[in-house]
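Dropping a structure here in structure tokens format, bear with me for questions.
Labels run A, B, C, D, E and F following the written order; every chain starts at residue 1.
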């Protein structure tokens, strides 16, 4: 993840927030005032987004953020995690956009780390989905990785996932996989969604690379894994929450995916405090 | 809210999701297949974002969504709330982006409506903040209104809010308000953040249009309102959640603002079900 | 005003002017030639736009402008107001765009200052309008301020102005103000346009924050101000020119707005002279 | 001139004006109200920009403008020149941007036509320059043509004009023209700026296609034309105003160029009047 | 491939070609003239790009193309392959951009089909590479498929290819594959480039999904395939041309990739002929 | 040619190639590794595009290219022509885009130089056409110049070329030229396409600035040139290839244009070799 996409996100966010003309700050602060302000955690969690946070002030110009903590490290409520130093007007005009991004990414990393904690000791890995915030996917997938999860396909163009409606349209799993194999670049693995053991068998026969077990109960999942027996990678999906994820992981499945970590994570509360004029 | 900004959001989201080349769908579905699919609620809530949802399919082209429920109406788990009809490839390739937007907006409207429910019967109104998802503010503010809340300033350029750091830099509330009054368009109301009764008095003397009572306890808030006595609009901020909002409203304050409804709302679960080929 | 919007304006203007391939300059000047050239006033006026002018050469790269005069200061015909130094090719290829911007902004500042001069000694302040050059509003509003004027609302989204057609549609001033009060963020002041004393009374009763007196003669304006008696801010609009503005200001109105200063200002004549190769 | 560039100008202008969220109109007018409004001239002039005006409402959607007068025709103060019909919200939200464009273009066409009137009966043609409003050049050049003028080069990339600084850098007119002839596409005519008769002779000898006579008095111009004697096209530039243009044209020069018609034209006053709800 | 990306390519190409102001056509053809013109092949080949060609005229507006031949079908020199009908100005102003795209895509499809013809009867499939024309990759990959080839990874973000420099940096093939396996989404196949049989063995041991045999002679390739023995997909790369591709395919390799079909294909000569005014 | 347009081309190409997230490189190379790699010619030719190549790494950041050879100089197979030094991740992620641009531009320069070689000793100059790669015209025209050719008009808006269809629509060459002369800026030369000697005579009579002799045999060309006798510049077009161009030039024509050098040049093979970690 470099600045090619991220700069566009930040510039648009600064425009959206009217940072080209912060009428309050510009009335009070002239261009020569310099300050230093702390970045402080207001709850426990996993920090994520320091690079993006720093970039906000670079793009506005005249201030610079430094962090005492790296992406992926745990932070405690009350902890000073960094400082921003430079033109007071830049600090104040960039504060909200910088925090909105950092808090959201840290919120996702924090929630992800809680899921990952629950499946420690198993072979299962936690996956994100495409249920991300529109136009922030690159940041949210990064946050999932930082939180200890792994990434599923990026989008419709870069990975195959054959779902129920595709199967229905193709007239069965076998036909669907064959159509995909004939049309899609050979570098792509083929994943198919299954809802019954019958479908799992079809997927095995059709040599799917990855079999998703969708909305199955624990017994059915175990049965499915026995049928598959290592001939495909396996992914559990549906009804995944902090209460269920442990038991799901215990089945021996390879991957567990959940949209919850991106579409419903609350932010991690962080704030800029103790502004001192220099 | 018309298509000038929204179309850009949707087009970028479709590009982000690779909808220009849905390799699974395009391998299986040709351009002539037509279908109809239901949009179904999977939990109770307030629907929001129907216009944006419809626009996704208009932009992709070849399919059309119709809703049985309007923005702002309550929906029940299991309820069919609309249908999408048209080219199967458009339906499948646009599904995720359309749902990501609709679920997020409905999630915010639903959470907002819960806060609003808690302050029913008082004079207080619920406000959003600038703690919105970067580059989706226009949609999220709309969702707050649909949920029964009201909007605070859009951004740094269109409204004045004098905060602690501004006050410190100006050398006091009075000086800060005067600097703003001299520099900012006369069409803007001037709001100032206060943390003590002392500051409230200063704000009254300086004829602030709106006085924010930040992180005060209930007694202090009541005291502040007495001091203000209708000479300014009043806004409470800080420590606002579903448990506290009712008591805050009972104090007689005019407005209560909270970032929680936009930065930490979970989505409302909705899905496309029962695809039938036509 | 920072570079977020201004850079886009400048880059587009340089592209429009073909500065990516100045065929004359590129045929004659190679990349190593360095020069120094003066920026000279060809008529008296108020300078405005030095930041934008400098930015043109920064964006093209390889040359730098320095000013001896600041935005808002008076300049005299014949006065050297700055110098540009650097790659001759950049100086020549950027000259026209840089001057087009500086001359236009200085023209607006100069004309504004003439209006402001006429109302000196009164309480009235001069306001701009939305009658600005499409896509240069941010620069033109800045020029109005530099010339001694003040800014009205930025646009349709950031300020309220209820006009005759709104009043007709709402069924009266009272109804219109109530509809706006119910729908628009509480941080916005409500301004209403009135054409008769009857309407002024209605606006007072409906507690408009700002009452515009549109196209009234001096006697009617004085009558209206008596009726309003400080209960709203007042703005005069219509038939404002250098001959009438003094008398209008004498009425005691708070603000006088005119589109003339932005839509019909002639430029201030400036030129680059005395190029010396270094 | 088709919509490829113009649509971008209009969309940006509508965004700049906040037409995505006209808070006044949207509070009062719902999406179903329909109206009809007249477009009326408030002073005499030449109409220009009807296509752009119409396009504003097409882009916003839901309203349509029709004109009774064509680009280039004369209009009289008080004359109804067209009507806009459709959704009231679109009419009101698009009014300002549409008028800002139409008034500016008509202002340029009107002023141009006054210059052209002064040179009627001579062979001279009036030319625009690159002293146009940044990012509106395509519209302003069109307005010059509609007003009876002709267009000079579009920009630095599409035409050659060797100026004093180029000549100095090249070491003389002859050298400059040779360098350009060796480097620039053969489809370009070569124009050179001259300030003395000496330079005119050099330009003739170097076979310039066009010789610009810059800031010369009438006698010198006549002398220069005699020297040139049809061996190059001729253009007079400098000190061109409504008082001088006639005499300049009488000299027999081919072209007279002036930036005044684009950089200092006042707008032509037009307005939308008599809104009737349908 | 839908219009999301393609429309941007076409609009930019029309702007690049100055189709917003075709000064020749606009001087001669007014907006009311209608015509019909044939699209004719001037050499034999495989047609590709009909959708893009049609879209050029839709975007300019007022003319429509219809084809008698579909993408992927063979055409003969002299054959009429379609007609364009509509506004003469649109037909003439859009002609060059439309042809530039169609000829380029058809050139690639034609050259690809020649390679594919050479490997008929073997199991090998022809692959494209990332050696495509910057910013036209989506069109060129489509042309390769239409010509009978298959697509390799789209770009650096959507597929893994471990090359010699990666291997050197990682300290060996095994280490490199492990690093990738730990960091990259599990939906990606892992391909590794090998130059010696030693490296092939390492790649097999590390369970690479795809093994590229880079610049090997036929004997080494055969040896490598024997070693691999179906445990990975195989791709030959390097020294692939119309003379060598047949023998390479005979080795039994799965895929043969070549940049030549995209970076060095000549266009297929097509032209618009027989314009008739209607 | 400066960075105004070129940066957009490069940024889009890097986005297209997924350089914002090079999953292979990012798995193996961390941000601290530094390397040096040679740029090596794999065939003989003319180098072109060094500025663009360097800019790719500047935009990605952290690496820098230096060349031992300048644009337009001949290079030999096996020759080291430059080095790239800096962050290994930048070097590897930018390699393909940088090479795709450099190879394409060098390919065009090389092919152009072969045509130019064939016409050495004559007065004729080689011209490009508008048959360039969509959205890369600025680079390809530059490559033609570097290869020793000259540029024809840039696009439809910056030069006049009256073709057969224009002539038919206007009702003859004379009428067409008059219409253009009345409508197009006087700085443009007027070129007209002729296919017969009859048309050549008409073009002379109408005082065309440039007469294109389209698809004529050598005798007819010689005849045409005799008729024209220096009264217009002359351009031969059609059937131009490396075999015919010499004889065409011998006729004494001024210019020979061919699309082949841009639309059908194969790339010049260059590669990055000998990566050494520093």
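Note that contacts are C-beta pairs under 8 Å (C-beta built on N, C-alpha and C of every residue); 3 or more make two chains touch, one makes a residue touch a chain.
It should be emphasised that the depicted structure is a prediction, and the values quoted were computed from it without experimental measurement.
The set of chains in contact with chain B as well as chain D comprises C, E. Taking the definition of touch as given, a chain qualifies here only if it contacts chain A and chain D alike; those chains are B, C, E, F. Annotation: D-F is the more contact-rich of the chain pairs D-E and D-F, by number of C-beta pairs in contact. As for how the two copies chain A and chain B face one another, over half of their interface residue numbers coincide. Computed from the mean C-alpha positions, the centre of chain A lies at a distance of 45 Å from the centre of chain F. Look at where the CA atoms of chain C average out and do the same for chain E: the two points lie 52 Å apart. Centre-to-centre spacing of chain C and chain D amounts to 22 Å, using the average Cα coordinate of each chain. Shared interface positions of chain A, i.e. residues touching 2 or more other chains, are given as 19-21, 154, 157-160, 185, 188.
Taken together, the touching pairs give a contact graph of some other shape, not a line, ring, star or complete one. Contacts between chains, counted with the stated touch criterion, involve the pairs A-B, A-C, A-E, A-F, B-C, B-D, B-E, C-D, C-F, D-E, D-F, E-F. Chain contact summary for the complex, chain B toward chain C: residues 125, 127, 150-154, 157-160, 185-189, 191, 210, 233, 254-255.
Contact residues of chain B toward chain E in the complex are 11, 14-15, 19-21, 60-61.
Interface residues of chain E facing chain B in the complex, by the touch rule stated above, are 1-6, 138. Those residues of chain E lying in contact with chain F across their complex are 9-10, 12-13, 16-29, 33, 37, 88, 92-93, 96-97, 99-101, 103-104, 107, 130-137, 154-166, 168-170, 176, 179-180, 182-185, 188, 260, 263-264, 266-267, 275, 277.
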